[in-house]
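Scroll down for the structure; my scribbles are underneath it.
Labels run A, B, C, D and E following the written order; every chain starts at residue 1.
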């Protein structure tokens, strides 16, 4: 019998560009696995739902996947907000939910059926910052972040913790809002505060124009970016102004491992465009799940199979596009064991002449 | 720093005004808050991108394509949606709801065709170099946007105030029936207005797309929100009002970043807007047009 | 029975959302029925949602008390802002109320210690039961229906049709507008409180411009010639995306076009008693 | 010589039958009047002639050509111009701009327009004093003068007037009727006048029609109808 | 009953009323005439609280009306009709009239929420009274029609019925017969006399001289914001200033 896996991602609306990458990553991995014989002879079938990046839709999509389509488990949703709303549904129904792009704190505290392989910014940003600071001799930085978005705001929170911990002074902290097109007011102010570097928590949609406008204003300091800036699109969107961006992530398009190379080639062939981190993490998540599925025997009794998968998943070790991967137990608010986060090391790279160069 | 911020404010204000001019024209003449103007803006930007990447047109050509494509879209919307609603005497919020539906459809259509991710114009389209003018960092594009928005305002004002066409448009704005009795082709001028306003929206889409270095299917939405604020603050359909309110919003935003703090930017801007409306209940240039009892 | 259970398991949320959206549509119907295009309902919904969630999460308040708080908080805010704002008319009122909503959103973003800022509030207990929503909707409809037949409802209608003339009929225009505005805020707050306890999580961006426009769209699409109008609008607008799920990537294209078509063919809204009457062949006595 | 002839004109608003099949002629160079009670269908008739409401049946010939399906702006272009009920002046435009717009369908240039504006000013000197003022700030009588002056700017061959005396002071009413008479006498302009001020209208008109419930029930010369006892009872309040 | 004490009003630089004083005695019909734009409607707007006077005082039965909102002035016993008809077009005639009784319905929120007897009784009484008022205006056969479908003249009568519904002691009529023909005017004249006979005081603005002269026992003439004459119909009719400014020196009889 086929193995039905649910995919609930934002395929339309403002988060669609991430959701679509993610779907592409899943599809690629599932096709590869099926082509290689599937799971103990059964094919992986993806049941894809659009959750539009809205929490109500995510809840509806989860319920449909769990109760109507009777999937074995669910991948998604795209945004942390939606995860906060929808993951409790899966937890209550004792269905594994595997997030590949939810980086906000607290998601895996929801319960013991919540998994993710997205490395949280709490893990990555301190490394990025310390590497850049050491190599560049940075003493004081200006901070710029999007304050109306969970992703960029929690990135900022983690940057702030790391800056405090590493005793780096902050000259000024500025914010912008999603959808802004002009950042010159903030950048002019930042330039006047004379920082050694600009710490930037933004998604690429705003991050790229920020880089361009900073350079236009003569603000030529290095930019230390969060997870959201880790995309080859920066070379295109900030063409001519993309140098000097430091980012940390488990995945880099320049990471020359065998697994990553194979992924990039396969992805580029299938979709005619370069993959990003969202696709890479989705791709790996599918393989991680496949490892667990291979270890269990599917009985056709849905509740039993779901429980078996839940129990097999935490032990999976896998080396994929994002490097060596294992799960790490998270705790809930009371400190009791809950879901599973990713244990992975970050790669720090810096942009130069239209490429990422790995620094560490 | 102050000089630079003032210039930033001027160029941001001009960005808002550029968008708002076409928007307020439809509002003024057709009396419709056309919430598909953001989508039309986006269509113009994508059309120009196609013109540049596929037809290898220079910027001027791309702008012309954007004007034509968006303008035609505006025309089609007028003929297929707004005109039938006028003919049916639809209550006044109904056309607005129709344009919301259109915006949803157009935005998703663009996503279906071009994908959700950000695209941009090739860097060769417009030199991005910074000029140093009197200690200010200024780009060619910013100067262009400022000049264009002021120029457009001047042209629109000249047309509206000084020509028979302009007088006819103002007549329609006040009363289509009275205008028809003067021999004015009301339906035709509605179409012309829709075409020109949407065309201007498309041109704004290209320039603001260049400015932000990003095109994406929902690119019209954030600026639509600001645009609504601008045209209402300016006073129903008033061209000078739209320009002034655009600048007002630009200055409010930039100066609140500079002197109050960027987290409070939108609160200050919208708080000011709120305050201005309380002082001038019909916007900056709106006349209290209610007929006496 | 089993088929109902499985239906409920999949669609309970959708059905309850129909209820809360209907409350929202009624809330803006209230102000529209008094001639005001006030667009602060999304903000009021947010204020209600935050107030109620903070009451249950931080103060451990029982659910009924939280719901009451979720209605009272926006009512107080409406009362305070109504004074200066309600003398504006038409789109100017719409803009001022939208601007107010924007300010509320930014206040929420900037009061992180209370509201969680952009991160929102997580782990809201799912206390909303189906009968809470049903009861709230039933009570709201009953009160509004009774109101429509009283001097208050007539006063609203008169103000909508001609404010000056209404004042000269002895109607206290300001007070009635304020009543409609505050009552609308309470309904929106109730919807927000119920919704928050249905979805585990709330964040400030849910209560912005788009939500405000969505609420307005439901009401206008449904029609404002009776209470069934807003409710039918809410139902259509909530169900349509679900019904079109099969269309995948292009569902919003169809969704948007359906809106346009409905409006083109039913410009007075889905629920139009006058049209129903002519359809049924009857005429007003 | 009839400038305009109407045969079997029917106009409905949904279920309401406003005009139920009327025939009449307007003779070139004459003043013709149409009188009738409130809601008789007078304004509807004028609107139908101007193309602003659609006829359900019948034909309208203007200068020999069928115009009942022609677009309103084309009808104005041919010289059939209406001064609508309730002084449809454009309140947000100035007096001069209103007059300029009156000449919208003309293509004979700004100089000709300026000449004609002076002509209107000579007919209505009050307008000259207020040429730069917004029309909305004029008194009722002045707005009515403006509306007539603006219609004259189109160089009409046929001028339709819908209750030009409504709400005006007696002095102004006399003024306006005198002016209409003068324009008709001096320039030979054909005028079709709808009035509630039945006595004045009948005195002025060479020919008159009485409309009741959408039907023409009486016709004759102005003087004949003025003496008709039925008219006296129904419209003059004797 | 109504007293204006040197009332002035300007709009920006435009002086519309200057030192206007007159007194409307109880029980009669008082006329205000004058050229277009003289400020007549403005007087009514000042009295009904739609506009505040720039200076001067307006007294109703000895109490000042200045600064009171329109609904209180209505509650105090003044009602009006409008020069440009302002009926509630989408309501039925009956509803239009019942709206006029708003302040006279003695039930509170508990009444309508619980449909208490007080509510039912008041609503029933309002309905009956509304039908009665409509029958005064000979409109009762159209009570359930939508007001928008009425002809012009009927809408004017509906406005009158609606104004009466507020139970006023003083009725202000702004050009009640504009747009009516002679027969209709004659009919309305009789109805206004009936209303007066029922004990109402009437103040009216009208350009139709036969109507004004036939009905009013006192007339004031306003020109450029000043009262230029006041007195009985015959005195006003022959006043040279009034003829000069308003009536005109027509050799023919006045327009009817």
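Keep this in mind: a contact is a pair of C-beta atoms (placed from the backbone, for glycine too) under 8 Å apart; a residue touches a chain by one contact, two chains touch by 3 or more.
Model, not experiment: these values are computed from the prediction.
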Chain-contact steps, minimal, separating chain E from chain D: 1
Those chains which touch chain D and also touch chain A: B
From chain D, the most remote chain by mean C-alpha position: A
Approximate Å spacing (C-alpha centroids) for the pair chain C, chain E: 41
Whole-Å separation of chain centres (CA-atom averages), chain A against chain C: 35
Centre distance in Å when chain B and chain E are each reduced to the mean of their C-alpha atoms: 47
Centre-of-Cα separation between chain E and chain A, whole angstrom: 73
Residues of chain C touching at least two other chains: 109, 164, 249, 251-252
Shared-contact residues (touching 2 or more other chains) in chain B: 108, 111, 263, 266, 291, 293
Where chain E touches two or more other chains at once, by residue number: 50, 82-83, 86
Residues of chain B that touch chain D when the two form their complex: 164, 167-168, 170-171, 173-175, 177-188, 287, 289, 291
Chain D-facing residues of chain E, complex: 34-37, 83, 149-154, 175, 178-186, 207, 209, 245-248, 250, 254-256
For the chain C and chain E complex, residues of the former touching the latter: 143, 146-147, 149-152, 154-155, 157-158, 161-162, 164-174, 284-285
Residues of chain A touching chain B in the complex: 12-14, 16-17, 19-21, 147, 174-182, 184-186, 188-189, 191-192, 204-205, 208-209, 212, 215-218, 233, 236-241
Parts of chain B lying in touch with chain C, wherever the complex brings them together: 33, 35, 81, 84-85, 88-91, 93-94, 96-98, 100-109, 111-112, 225, 228-229, 232-233, 236, 263-264, 266-267, 270-271, 273-274, 277-278, 281-283, 286, 293
